[in-house]
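Inspection log for the structure reproduced underneath, given as structure tokens.
Per-chain numbering from 1; labels A, B and C assigned in written order.
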Amino acid sequence: MDKEALILFFLSAIAIVGIGMLLSWLVAPKSKNIQKKEAYECGIPTVGSSYMQFRVGYYLFAIIFLIFDVETVFIFPWAVVMKSMGMTAFIEIIIFFGILGLGLLYAWKKNALRWD
Amino acid sequence: MNIYDFTGLTRSIHEGLSSSMSPLAVTVTEFVIIAFAFMIFFTILGLVLVYAERKICAFFQLRLGPMRVGKWGLAQTAADAVKLIFKEPMITKNADKFLFNLAPFIVIISTFMALGALPFAKGLHALDFDIGILYISAVSSIGVIGILIAGWSSDNKYSLIGAMRSGAQVVSYELSVGLSLLTIVVLAESLQFSEIIASQEAGWWIFRGHIPALIAFCVFMIAGTAETNRGPFDLAEAESELTAGFHTEYSGLKFAFFFLAEFVNMFIIAAIGATVFLGGWMPFHIGHWAGFNQIMDFIPPIVWFFGKTGFLIFLMMWFKWTFPRLRIDQLLTLEWKYLLPINLINILIMAFVVLMGWHF
Amino acid sequence: MNALTIIFYIMAVLMVVFSIMAVTSRKLLRAAIYLLFVLIGVAVFYLAVDYMFLAAVQVVVYMGGILVLIIFSILLTSHLGERLQVVKPTTMLFAAVLSLVSAGVVISVINGFTFITSTFEGDKLTVAHIGQQLLSYDQFGYVLPFEVISILLLAAMIAAIAIAKYKHQGKS
């Protein structure tokens, strides 16, 4: 039942946006104007393309995020059984966090967490 | 046993349908009912929250806010929604049309699927998975893809900068939201929302979990506000420098969808906070005060749920209108140098508390 | 033909189509979005066999993590009007032969492999079961992989930082 309901929610979300867009397309006025298709900036014509060089910092944060994201996935099952498994689970998670803490510490010391 | 229990109502609907239809038809009818109920709820929620935001903002600034349309301006947001439908949808000339139109779909799918898993009251709960919290963090993690492609495909510098900032912020704070919820999962021993609520019958986890639960709650509120891109963390759409961030080029109803998703995401964060930390629809009980507990039981669970959620939403709006906006370096420092290490240590403390049996 | 088989074949066809679109698209970000659809298909497969946890992990790690990383790197390096170059016909032929050969190897290995049926008893696999297996240190426990993963993640993090920070040190 729940699995099928997931598909239902997926389809209804698509329906909301789809119906909305269709409705808006049907009733909204349309007029052609070259100026209107310009990017909205500050009133004067846009200079150059929208592409710009971003700092590598964004990418670095994305990678560190990915690593902690994978880590969080492993903590989910741990958190559920922590109470029932007691000491074993506690020692295991201390080792797990300890090793990952080293990684965070390394990033910190290498200034990877600083935005400059 | 409880007059406010919705299980009886849903069961009688199910039995009523089963008596006159085949099992397949029953399932289809039920699905259609659920889908329509959630679509209507989704829309009304957006209208109410936008109205609340405008009124609360006005009161914080000693203004009246919307007053003209309807009594106290109550119909203002509905009028705005109608107006937005009649606005011309525009696309910039170099935009990638396929991705430009796909972005609202991804954002709304992510929000709508997360909304389905919230427990509104006993028995009023569409998707009750064994992996509840993981499910919500999974579907809401897709939303950031919508934000990134919206910014990239609209061929606008503001949109692109806004999308990059927004993406970095959402993914960073997603970690803290997940980890602070896991602190309570250690106590509740389940990821399923109905079981987390059931485990709080004797008292809400924020009171029973000692200091780690309080710390987790603070971290959750900060990270939740940041994950939904709301002020004081709204630098992705800092209007004084980036116009409107990643949705600068969106107009009409497509813009409305991003706006709607932002507000419903705020509701989802507040609802998860209310469920995990404040007991969801569970009434407020104090130990053995039987009389007091009975009086509290008279208030319907659905009122408790929306009351707690409304309180947390008010708190998030209060943040927005009180604190000045952060810079991006401050934002990332706050997450990676403060919230994340605090969170990791906090989980260990909570595990130790559970191990020693110090919690109530 | 039950519903499960129908869903499987529909999703399989969609995934093949989107995979081909992902590798043939000349717009980078569109390729990434086609990859998103393929990954959703994988999550649906896990759901179809009642493995909710793995489906959620697939969404969290692959869509919310790796795909976001891919999109970030596309945003950092390429711009909207950019088209990828079409490679030379000889390269294309070589790639086609190579992918056919590797597809053949994969199919023959899968056909020759005897899959062990799950020994799990009980009607539904819960997160608690997964947690107990993950943390248990008896014969079929997974505590060693669990701890080794943290070392793997540590190595990945150090490597990423070392590469990203390399140029800065070289300049100063």
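FYI, a residue touches a chain if its C-beta (ideal position, glycine included) is under 8 Å from a C-beta of that chain, and two chains touch if they have at least 3 such contacts.
Worth saying up front: this structure is predicted, and the values here are computed from it rather than measured.
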item	value
Chains contacting each of chain A and chain C, listed by label	B
By number of C-beta contact pairs, the top two chains	A-B
Inter-chain centre distance, chain A versus chain B - centres from mean C-alpha coordinates, in Å	15
Rounded Å distance, chain B centre to chain C centre (Cα mean)	28
Per-residue overlap in chain B, given as positions that touch at least 2 other chains	94, 129, 131, 134, 155, 160, 164, 167, 171, 174, 189-191
Chain A residues counted as touching two or more neighbouring chains	6, 49-51, 54, 58, 62, 64-65, 69, 72, 76, 79-81, 84, 89, 100, 107
Of all residues in chain C, the ones touching two or more other chains	53, 57, 60, 64-65, 68, 72, 75, 80-81, 127-128
Residues of chain B touching chain C in the complex	94-96, 98-99, 102, 129-131, 134-135, 137-139, 141-142, 144-145, 148-149, 151-153, 155, 160, 163-164, 167, 171, 174, 189-191
List of chain A residues in touch with chain C within their complex	3, 6, 49-51, 54, 56, 58-60, 62-67, 69-74, 76-81, 84-85, 88-89, 92, 95-96, 99-100, 102-103, 106-107, 110-112
Sites on chain C touched by chain A in the complex	47-48, 50, 53, 57, 60-61, 64-66, 68-69, 72-73, 75-76, 78-81, 127-128, 130-132, 134-137, 143, 146-147, 149-151, 153-154, 156-158, 160-162, 164-165
Sites on chain A touched by chain B in the complex	1-2, 4-6, 8-18, 20-21, 23-25, 27-31, 36-41, 46, 49-52, 54, 58, 61-62, 64-65, 68-69, 72, 75-76, 79-84, 86-87, 89-90, 93-94, 97, 100-101, 104, 107-108, 113-116
Chain B-touching residues of chain C, taken from the complex the two chains share	27, 29-30, 33, 36, 52-53, 56-57, 59-60, 63-65, 67-68, 71-72, 74-75, 80-81, 124, 126-128
